[in-house]
Amino acid sequence: MPRIKVGVIGAGKMGRIHIENLCRMFEVDVKSVSDIYADQIKDWARDRGVSYITADYREIIKDPDIDAIFICSSTNTHTQIIAEGAQAGKHIFCEKPFSFDLEETKRALNVVEQAGVKMQVGFNRRFDHNFKRVRDIVQEGKIGDPHIIKITSRDPAPPSLDYIKVSGGLFVDMAIHDFDMARYVSGSEVEEVFVKGGVLVDPAIGEAGDIDTAVITLTFNNGAIGIIDNSRQAVYGYDQRVEVFGSKGCVTTNNDYPNTAQWWTADGVHGDKPLYFFLERYKESYVEEVKAFIDCIIHDKKPAVDGQDGLQAELIAYAAKKSLLESRPVKIEEIAHEKAVKQ
Amino acid sequence: MPRIKVGVIGAGKMGRIHIENLCRMFEVDVKSVSDIYADQIKDWARDRGVSYITADYREIIKDPDIDAIFICSSTNTHTQIIAEGAQAGKHIFCEKPFSFDLEETKRALNVVEQAGVKMQVGFNRRFDHNFKRVRDIVQEGKIGDPHIIKITSRDPAPPSLDYIKVSGGLFVDMAIHDFDMARYVSGSEVEEVFVKGGVLVDPAIGEAGDIDTAVITLTFNNGAIGIIDNSRQAVYGYDQRVEVFGSKGCVTTNNDYPNTAQWWTADGVHGDKPLYFFLERYKESYVEEVKAFIDCIIHDKKPAVDGQDGLQAELIAYAAKKSLLESRPVKIEEIAHEKAVKQ
Amino acid sequence: MPRIKVGVIGAGKMGRIHIENLCRMFEVDVKSVSDIYADQIKDWARDRGVSYITADYREIIKDPDIDAIFICSSTNTHTQIIAEGAQAGKHIFCEKPFSFDLEETKRALNVVEQAGVKMQVGFNRRFDHNFKRVRDIVQEGKIGDPHIIKITSRDPAPPSLDYIKVSGGLFVDMAIHDFDMARYVSGSEVEEVFVKGGVLVDPAIGEAGDIDTAVITLTFNNGAIGIIDNSRQAVYGYDQRVEVFGSKGCVTTNNDYPNTAQWWTADGVHGDKPLYFFLERYKESYVEEVKAFIDCIIHDKKPAVDGQDGLQAELIAYAAKKSLLESRPVKIEEIAHEKAVKQ
Amino acid sequence: MPRIKVGVIGAGKMGRIHIENLCRMFEVDVKSVSDIYADQIKDWARDRGVSYITADYREIIKDPDIDAIFICSSTNTHTQIIAEGAQAGKHIFCEKPFSFDLEETKRALNVVEQAGVKMQVGFNRRFDHNFKRVRDIVQEGKIGDPHIIKITSRDPAPPSLDYIKVSGGLFVDMAIHDFDMARYVSGSEVEEVFVKGGVLVDPAIGEAGDIDTAVITLTFNNGAIGIIDNSRQAVYGYDQRVEVFGSKGCVTTNNDYPNTAQWWTADGVHGDKPLYFFLERYKESYVEEVKAFIDCIIHDKKPAVDGQDGLQAELIAYAAKKSLLESRPVKIEEIAHEKAVKQ
């Protein structure tokens, strides 16, 4: 069997996770990696068997050998690389979000569609063992029609202020995963968003123009109602739970823990904290999303999370932003329409 | 020790729960019970040692022997009886809500205040072992400053349509307990409410002018944000959970179950459903609230849940109603002010 | 409905628990209580509505009004009172164990049988919500044929040395409840016992001729195998768990906790300790066992736990004692036979 | 950094697990694999980058390039290969048990000792996240002195009768892992064993001369008492739990599950079964044990589980066998002594 030849663009945190996982797949050959700091990752990449390391991503796109590219560079470069990659006939795996501008995102998706290549967006949580099971249980009808979707999503600690300033804000950077999760587990589209947010963790985040705490109400097109609560700081670790309540029951998940040990002493009952952050908690989901992408190339299948999924989550994020600013519920349609008008 | 002499007004479901619990307290003598269907409860009350049964509650209020009255009659009679009881110098335990009209409630509270009698409102959930522990943990500072308060409150099955029609609606009838819980566990006052509600359980409830599903966002005066989700029908039983997330940690509770047995078979892992409804789930809390009330009479202490607590919960309920109608966040102040203006 | 008239003999810890519970039952009249320190309990009993308090239990037995007696005096008086009570035609509720001598126990049971009165032994744990559910699940066949029965039974703290000296030893005093539980949940009789015991908690217990830690292997007549582990000191509280493993699955129980609150902090996950000791853990089971006994009198039913159940548990306790002494598995038959030979 | 060159002898189930894991380690080069059915694994091994595949394990041992060998062939070949490998100066990772004969085991260990090579035995469960945490908690003194060690170890389904016939029996084949676990978590040596066993799962297992259910009591040299319960068939999946109870508390573990989803319906509370068997449950532990072995070669450290650990577990297994046959507690010393006498 010939191996799928992959080029990875951007070898920061996410790029390296994907490289590690791809290198362990016997069906894949990670042929080349590009990074603007190519020198700094050369040894690391060589040890993993990557044969070509470059500072110029276009070398990867021009390489006729390459079947698929992984776009893990900074967000402001995504749409450009998507367009170039698609036009060169490469299948594309792109980290979220596509961009910080809806029109830009739509244009890139158009190019992908016209080129007929496969594109998967990095909503890795869909491949998480817990949330996948929730989705299955909902789809099997075990809890009937969904009425209330609850998502808890709290990071253990805020990122650096430098990162926050270029992140696009809590909704586009962090809650976007939860917007996708809401669509994924409910199997419905979001129609309206209402946000109540605040700066409760660190005033500096507020000064940087962002919030660190949010409670988001979603209305789905089937009448179901969703709730997301976000915080940039849960001192006990990454808090990632989902609950779907329906006409025939309720499905919930708990956090993942490093072990099941519990110790009971004169002081009470004790256990270890949940897994620390996304690297630990979603470790397997990163493996699974990459497997799914490679699998959809090998067997010519539709990607499990495609461009439209990326776009919808971005639309919700922009509606959330507007709701926060204007202290009122905002319809997704309003965002889509407004952008169209602006065009 | 002389026993506290109690008269119970209204021997419906709640009245009978209180009578059963009062009869088991060695410090209390349930001297008399009034009910408009006095004949129907005569035998039942006699068996419990109640010496006087009447159809006219005023006989109880006029009885100089009676130290305290329990008002368990229908809501539309509460404020009248409160006022008469207070003026007669009786201590008062009153079921929630005080009334369906804020001005009426305020007038009754004024009479109580002027009479200088003790009044406790039937927010029994404050005496629940789980929620009391949450409150303690928050107050001990174990989770730091509260940021997010989450309350799940779902009934196992909707009441009869007849009941729904006179209930005052989901907010005043059902969510009012959760509004009180939000104030209780957070230790803060609610400033603003936003509601997203729907009729997802039974169209007949919608036709009766009520909703059966609600997601409520609360904003507290210390910046914390609250979420309540309500449903009139959780087929697996009464779902009553609280979570408070703060700067130093998070405290959560689970439902109560009839036993801890879990059985593992080739089909999976199984357990019994949570306790069915409030009679089962809050059994002990009804005992505890009555003990607390009797205790505050004997030792001349401030009631644990007083008239102001009842009033605040009603204010939030009215704000919620308005938010639902007008699809916008509504400030509590607005309700308080509007009523004042109306005056 | 005429009330069952009850006399309670012995108003120590257990006697007072029964009196409290009986006084709260509308079907029962606790007419008289006897205790060798009658003076000390007079006020307490009066407050509970007991009309006659005496130092002489025979006054209760002679009283033709009394329907049933509760024997809660010290173990060495049980068989004598059983015999006298039965001959006087009283129904009997007796605390465990019947005696410290198998022949004495058997003679008392004979008298009861000839008198045709009802007798229930105080194995309250059969009425515990968790263990009752285990028994039900086993009997419903949900786990198939039982193969392994595991019982964890650890006290929070050892009793006083004075008590230990007259207790009859760990097997007769403490493990006897577990022997009954093994029979109850398995629905089988024990054939053989092997014990490994030690003094790991307090050397003074060893000096008093007892052990404080034991691991007991039971063989049932259907081939199933049982394990009991006992300790006189679990610093985290009363540890009472049962597990039955069978051909089609396994049923387990957990301890009971004062609440379901769990708090997560930077230090880990925390919860409160299990309920402290039998008064807290088995509170409801004491109510239920008394209800069951009263119910079997009113409706002329067979007691749920009868004299034979008491006897079998004692036989296992004696076999356990012998196994410890002789470091070998001992058959129950051997104990029964040996006693018969001795006769 | 030069890679450690490894040869794997035997590419059955365990051999292939180790090959997969070794191939994913950047520090290791799996140079050669031997298997008596070399032809059947050729393609599989090539795909994983193994350069040399042979039917003759001696080719691996003779290869001066090879640093370490993994012995995963059938048990009856272990000691011969250990001896040859050690004499050739190879570090050795050997699956358990070393042999079916204590003297043979001891002779092999002597060769290893004289050769001064490192040897690790395949007690992978020591590297399990749950049990490692138990051990740590015990060693940190969090539960004080261990008093009772409880190990539940049940397979989801019996192996084939063909396998059972050559397995050496339940103690040497299955319980040997639990004997090692008992030593590992307690930090103490076992002095005496008592076994109660039976054929409750499948009579054919009895006809093959083995048992399928066992309850094993262990006595440790520090006075602690251990309990192991084994079954060849737990229809709900692999049941692997450990509990250590001590003077200051208790530490327990639960099984691992494929996800944390729990669904609540009108029928009760449901969850998925535990992970099916050792391949799923101990997946990570196989990675970790191999990492530890490679690490001890690279950094010249003592193996975490050495030859003496393998020998001790075998001694306990033989004592267990004798206890079952003779229905009495058997001291480990007796086995060691008897074998010495036999010599």
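Order as written gives the chain letters A, B, C and D; numbering starts at 1 within each chain.
Rule of thumb we're sticking to: a residue touches a chain if its C-beta (ideal position, glycine included) is under 8 Å from a C-beta of that chain, and two chains touch if they have at least 3 such contacts.
Please read all numbers here as calculations on a predicted model, not as lab measurements.
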Practice task
Specify the chain most distant from chain A by Cα centroid.
Solution key: C
Practice task
Could you put a whole-Å number on the gap between the CA centroids of chain B and chain D?
Solution key: 58
Fill in the blank from the handout: Between chain A and chain B, the Cα-mean centres are separated in Å by 42
Practice task
Determine the centre-to-centre distance between chain B and chain C, using the mean Cα coordinates as centres, and give it in whole Å.
Solution key: 40
Practice task
Could you list which residues of chain A touch at least two other chains?
Solution key: 235-236, 248-250, 264-266, 272
Exercise for the section: Between the chains shown, work out who touches whom and classify the graph as line, ring, star, complete or other. Expected result: complete
Exercise for the section: Write out the stretch or stretches of chain C touching chain A in their complex. Expected result: 235-237, 257, 264-274
Practice task
Write out the stretch or stretches of chain A touching chain B in their complex.
Solution key: 145, 147-148, 150, 152, 154, 194, 196-198, 200-201, 213-215, 217, 219, 223-227, 229, 231, 233-236, 239, 245, 247-250, 327-329
Exercise for the section: Please name which positions on chain D make contact with chain A in the complex. Expected result: 24, 26, 47-48, 129-130, 132-134, 137, 142-143, 248-256, 258-266, 272
